[in-house]
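Once you scroll down, you'll see the structures, which are given as structure tokens.
After this come two complexes, each holding chain A, first together with chain B and then together with chain C.
Right after this comes the complex of A and B.
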């Protein structure tokens, strides 16, 4: 009798855990997050940590932002190549290197790392022991590029769907709860935005903006991708505002804000999360597609789609298609599996059937 | 009946609640469902009015309209000396403390994402009643009154049976210490074995806390058990109203007589003739002219089809029926004699559909 009481999300998590595919997908996304966070420590040519002239530095932070790279190395004319410079300029120095010595933004020269040959350029860079996923036309290592491109893949999904989710839930909630002319207005707004082709809009805006970045792309995907979420939220709010517990809350004296936030939203959230998850997958695809067409983030920021772009001019370089393509495919698949798992774990009808 | 001690706590006059029917692109109003169409009654403080009728007759809407959970179209509602229809915004929300409701379905009326504590506490928080400790005491007391253990506070509604949930729903209404309680079919969704328990609890609470009830039900025997006075509704109108005992002994409206004939009896010796009404309830969107019951009334005459029957009164017994009025007049105001004659003519009348 006196077991602990479990809330809805604890129960949902329990049911979710029983689905091996969904769990594997979640583990994959968790892995991607780890890779994105520790990208400079996984692949790079800048030491994770080094001692130079009696001081400790972490030059690898320069991969997140140029400004984080300690100024002393610029002053001492390292020019981005650390191993030889460190040894020559301070024989007493030591360094902890990334797991994989390859740079995502430039080709590695001969003997930059003791005994390592120069990266092959043009169509010669097929996969080898020094470059497991091969190199692109400029001789930049594909694996290093992919490791650093994970950040973009994740950010695109989370940021754009964060924006889309926020707009969609707010618009849908207001329309569904208040109904009448308010609903008329929000529904028409949703339909208008729905008519705007995302890809064309992004291309147009990227053409207008002087210095387009990945953030512009994410913002546009977010600001056009909320329509489905808004419609679903509206439907859920319409359905739940007539429920007896909402009426009971009104009878107790709760105002509209309280009813929407504390009574309707928690009950509507589960079905809304599902299209958001699918939205993350499609946002990643949109970004990859844009990068493939050459409208991706400008160098030096790397994205999986822009690696694919490199294969457009030379289809013989199959490794430029296979590896980033597989990564995009697996990530999109993982988000879809998570969405599906979420759907089944939170859908009350499926839940009953499974018991 | 109405003396100083029993001044009406609730009085309703000519209450009408119409739901607009909207069609087409511009959502023009093409008609209205007259769910409640001219209902009036008073409930003395500390008394119970039973409201009976078949599903769709508008009895639930009456309860919700009084509490302004749906907006009435016309008429006036006074609770504890306040004109409920004149209350606006915050004023109304504050006043809600004094009138509460218990819904039919305890599965639907408790928010599944909230613990019992949060469900009960909400009203107290909204009305700024007491600090944390006071509120916990208050909630424990309410649970105790309804026969639930205090340990229920930290559990979720789905962990309880239907009867227990209904007790929680009653506790939610009681924590605010209301004077007036609308009981909207509070036992209809419960197992038969639990119904009596909850019914007894409600009667006990009324006596102990001096509550005033509007008890809505389609179950005549339950209404007879708890109510001091009974009002019978048909198609948005009250057709007959009398003290519970009087109504059973001398029902005057043909509809009431038919309802009583449908109540199963355990007394096998009693000769029962069941009156089966022909046809279906007409649509409240297009109610019949004259007496609303004439399409199904075995005693209907030509006047019934054109003239809305006025109110006939014998003591505290009120009926709206042309035939009953004539019988009353013939019996010289002796309701029992008139009722007897009506019952006889109904029993002998071949039930034929009238269109």
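Right after this comes the complex of A and C.
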């Protein structure tokens, strides 16, 4: 009996797995996803789970959205300070606390956690045992800020490249498949978006939006970052539309939408995924650059770039540069390594050479 | 060739019209205008409502944006880029003032990049797969992923805070600390000292990218039949690398050169902003914040003309270098 040969993606994964650096990068991104998902349980001042007046609550969910914080704590005037209030208002209560008792949005006061000193403010907050990565000018713990900022870094990459990938693939596919004046129009559109300086476009659009949030920033980065993907998709579609299987599909009566989606796109996907991965890296760079320049999401959204912004006015606070700077660098490096691993694993020309 | 060029230029003009129209619409729709942006900064310059209306009329701010755009485009066709509203100077004069400092930094970076990238790329492809090459390539790759603004902050912390008071201390901001009447020798030295950090920041990312690019194209060239032939007839390894392989990678390099044209003249907004370098990128950033429409438009026009020209130049050079490629 003949053994069934492996599919394209199984083969690609096998080749990808042989690259230790690319695998390390993948593990790093997986770690970031874990940190982002469990951020409130890693660093925070709200209990992960507590029993209060005979009922179980999870106040830490308030870090995801303020509405998730149980209303009873607002009614009982906790004002965000849990340890003392829990003990005073219900002596029989118990709580499971986050691994690291520091808040990403405010400074922790003296004795808020029994025996803990107040967070140092201004340029006094060098790294210490209570604040391993130091504190910023307002006394907010940098490690807690970075743990909660991981969500922003990850979302920016995925959401903006999701938007950019969708626009890029649609524009490129239509241009490449139909050709002629349609191609002419889509190519001009791509050229126009390419020529306007990205940062200028982003700054202008952010200024027009009345209350920009992190989601607006992601959408704008996505809407300006699709040109490279569109050009590549167009090239792939131009190349593949003349192939025999496309002609066969057309001969049995498949419509253009079906041919593009079911027949050409799966075969063009591998080379298109590579610029999308590199795009994630550059989207993270753009977002942190914007936050660094002071155009980031307004507080309370914590972004790594906005921590860096605090260091600009006081260069003596080197810890505000070192830790978030390293985090941005490692994340960008990881996505670039994944992109390169993907390229080497899926590009048949490179594959032959490696044999 | 002539018809091709003509067609590309005509298409370019259409693209330019679309780009400038979009940028104008965006700029005019940002909240506030140059007058309110100025007054917001300085309360002592409050003026009456009548004066405000009169000034709006004088600068053409009372018109809707399509009208304003047509007026701007009409003036452009007569060779007039207009006057900056906040700086009270012609836009061309402003650009003329700022282009020198930008070229100083990006030009030096450009020379440094190519002086280092070509040998590095050749070295990497000659020693491909060995330990020392893998280490160098990984280092370059890490550098390529290192954000410029983080690098700039690191350098500032290092040279301005930790090395303060030593001979290694470097100035952080601006282009020169000396008065304008200082003699030429010390002034050149002073500007050079101010240039070190911005030039370093602008050099390292492109250096990493370009040398990797050279290595990638070289690896492609090395696999070609003519390289095997050259080896078979007994040419030495370096001769094969230089005379046979490298000369054939010049085509993609030429394209890369063309595409780097806008960055060379346009400067980098982030680097010039961090080091308060008085160049084009900083002017762009300031003019957006001041809502200085004529300056925004002048700079946007320049950037897009450069980008389009760079693409055209790359395509034309491409078929000049490689006779197999035809333009049509």
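Going forward, the second predicted complex is superposed on the first by the 347 of 355 C-alpha atoms of A that agree within 3 Å, B and C clash if a C-alpha of one lies under 4 Å from a C-alpha of the other, contacts with A are read in each partner's own complex, and residues count from 1 in each chain.
The rule is short, and it goes like this: a contact is a pair of C-beta atoms (placed from the backbone, for glycine too) under 8 Å apart; a residue touches a chain by one contact, two chains touch by 3 or more.
Since this is a predicted model, take the numbers as computed values, not measurements.
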Partner chain in contact with A:256 - chain B first, chain C second, else both or neither: neither
Answer with first, second, both or neither: which of chain B and chain C does A:248 touch in the superposed model? first
Looking at chain A, does chain C or chain B touch more of its residues? C
Which partner does A:117 reach: the first (chain B), the second (chain C), both, or neither? neither
Of all residues in chain A, which touch chain C in the complex? 21, 188, 191-192, 194-197, 199-201, 203-205, 207-208, 210, 281, 285, 288-289, 292-293, 308, 311-312, 315-316, 318, 321-322, 325, 328-329, 332-333, 336-337, 340, 353
Contact residues on chain B for chain A in the complex? 27, 64, 67, 69, 93-94, 96-97, 100-101, 103-105, 108-115, 122-123, 126-127, 151, 154-156, 159, 169, 172, 176
Within their complex, state which residues of chain C touch chain A. 11, 14-15, 18-19, 22-23, 26-27, 29-31, 138, 141-142, 144-147, 149-150, 153-154, 156-157, 160-162, 172, 219, 223, 266, 269-270, 273-274, 284-285, 288, 296, 300, 303-304, 307-308
Quick check: in the complex, which residue numbers of chain A touch chain B? 2, 5-8, 184, 243-245, 247-255, 258, 262-263, 266-267
